[in-house]
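Two complexes come next, and they have one chain in common, chain A, joined by chain B in the first and chain C in the second.
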Partner chain A sequence: MSFDRLPLPEKVVIPSDLKAALQTEERILEAVAEAGYSREAQFAIRLALEEALVNAHKHGNRGDSTRSITITYDVDPSRVVIRVRDEGEGFQPRNVPDPTAPDRLSVPCGRGIMLMRAYVDDLQYNRQGNEVQLIKNNSR
Partner chain B sequence: MSASTPHEGIRIDLSRHGTTAVARICGSADMTATEAMKEHLLSLADGPSERIILDLSGLEFISSEGLGAIIAAHMRCRPHKERLVLAAPREPIRHLLAVTRLDRLFSIYESVDQAMRSEPRGPAA
Partner chain C sequence: MPEAEAEAKLTVSTEDGVTIVEFENRKILDELTINQIFEKLNELADTEKVPMILLNFRKVEHLSSAALGALITLSRKVSRRNGRLVLANIHPQIYEVFKITRLNRVFEITGTTQEGKRAFQ
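Here is the complex of A and B:
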């Protein structure tokens, strides 16, 4: 339930706001492209990062733009590590229902965690549940 | 054909063929675009079209929020499962629909032409 606390070299703190989140996403994705990741991997990282940022804003910070989102990351040619932290009280990911269950397919929300898990190589939350770490290896 | 830009980065081109509406979604349905896209699709679902084909051939990216917008429009079209269908998704989007198992919720056609030729199958179970 928790990941190692090795510091990551890049850190961005933004207001909890979708435009600011998108700008940060684009900045990280530029670094990913420059590091030589395939289009498929770039799509996967974009999707997972977007889900993490939207969850931090909507669910963690409850859309409150006076709160912050902290993004730390490390992009190198072999792997991408990104952590997204909100100022909410956290949650237990295991309590989120499976969105692929037949009776939940028509529910419009609740797919973010499942998609992150599906598109990165490793996904972990801290103990409190207000920070997620995404790792994507470069499988060239 | 009428073009609408619900939000920067995404465009919806709407064309009508009899009682069928074809909405071609182009660009990225990212976190800042999905709310506007949802409003647009719900408005289409509330309209008179007997059939709505979402042409995804120009869709480069969509997140779970964007998928939720399409699901909301689809549910607005109930009980007729075939009133809103998907056509021509690119490979990454097709894969995403499979991963989420939304390929079981939606009818997905290889092309708009194929969707146009298909027969609506009546109310969903």
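Here is the complex of A and C:
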């Protein structure tokens, strides 16, 4: 599935700040629970969204709270689509080293993208690499 | 209101020379919580000459990659001091996170807390 540019109905712009990110995360997760997703799916979406928001703040916006994170999302009973965009210059995900390589297993960082990939059905970055799209299907 | 766990809480006890730490937070996700928790854990590791630490994950339902990173840093500190770090009582969903990242090969993980205690004997 490609990263399409279809607009999503919900949009939140927050300062690049972990408390604000947490509030947005809870708001989206409430919508996910109300839409009837299983506990496993909620676990997966929370984990992937948390990683996306932390990456946007720490790596994209370099922890600069004067920058913003834009979250757009659509939660319906069949699937959840979330996009997280930062104001950084972007990156190429393929250049991120494999955290499970023997020489990197003991490195404390670099597992976020891998976990996101493992827990959603589709993960895409835009061409610039400053926006990630997470899609989780409801597999009831 | 969004659910938030502002304060990081740990219950610490000692048994037969082993420091047993139970996480009281259900979510160890965000950096604020992680920093608070691991600051306390690093202090504990620093107070013992040879730290023997058992981490009880019984109440933990969510864990992020940042928490995994902090665990790795703690584990390295404990190893440098010739100590031992054992993780116990990990919820199956959380254990899956360790498996995906292959950190189940890096950490010593036991099923129950009792098994964790026996690992130090």
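Going forward, the second predicted complex is superposed on the first by the 138 of 140 C-alpha atoms of A that agree within 3 Å, B and C clash if a C-alpha of one lies under 4 Å from a C-alpha of the other, contacts with A are read in each partner's own complex, and residues count from 1 in each chain.
Following the convention adopted for this analysis, contacts are C-beta pairs under 8 Å (C-beta built on N, C-alpha and C of every residue); 3 or more make two chains touch, one makes a residue touch a chain.
Being a predicted model, the structure only gives us computed values, none of them experimental.
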{"item": "Which of chain B and chain C A:100 touches, first, second, both or neither", "value": "both"}
{"item": "Touched partner set for A:115, first chain B, second chain C, both or neither", "value": "both"}
{"item": "Touching partner for A:15 - first (chain B), second (chain C), both, neither", "value": "neither"}
{"item": "Touching partner for A:30 - first (chain B), second (chain C), both, neither", "value": "second"}
{"item": "Partner chain in contact with A:90 - chain B first, chain C second, else both or neither", "value": "neither"}
{"item": "Residues of chain A at both interfaces, chain B in one complex, chain C in the other", "value": "18-19, 21-22, 40, 43, 46-47, 50-51, 54, 99-100, 105-112, 114-115, 118"}
{"item": "Contacting residues of chain B [partner chain A, same complex]", "value": "30-32, 61, 63-65, 67-69, 71-72, 74-75, 92, 96, 99-102, 104-105"}
{"item": "Footprint of chain B on chain A - complex, ascending", "value": "18-19, 21-22, 25, 40, 43, 46-47, 50-51, 53-54, 99-100, 102, 105-112, 114-115, 118-119"}
{"item": "Residues on chain A engaged by chain C in the complex (per definition of touch)", "value": "18-19, 21-23, 26-27, 30, 40, 43, 46-47, 50-51, 54, 58, 99-100, 105-112, 114-115, 118"}
{"item": "Chain C to chain A touching residues, read off their complex", "value": "2-4, 29-32, 61-62, 64-66, 68-70, 72-73, 76, 93, 97, 100-103, 105-106"}
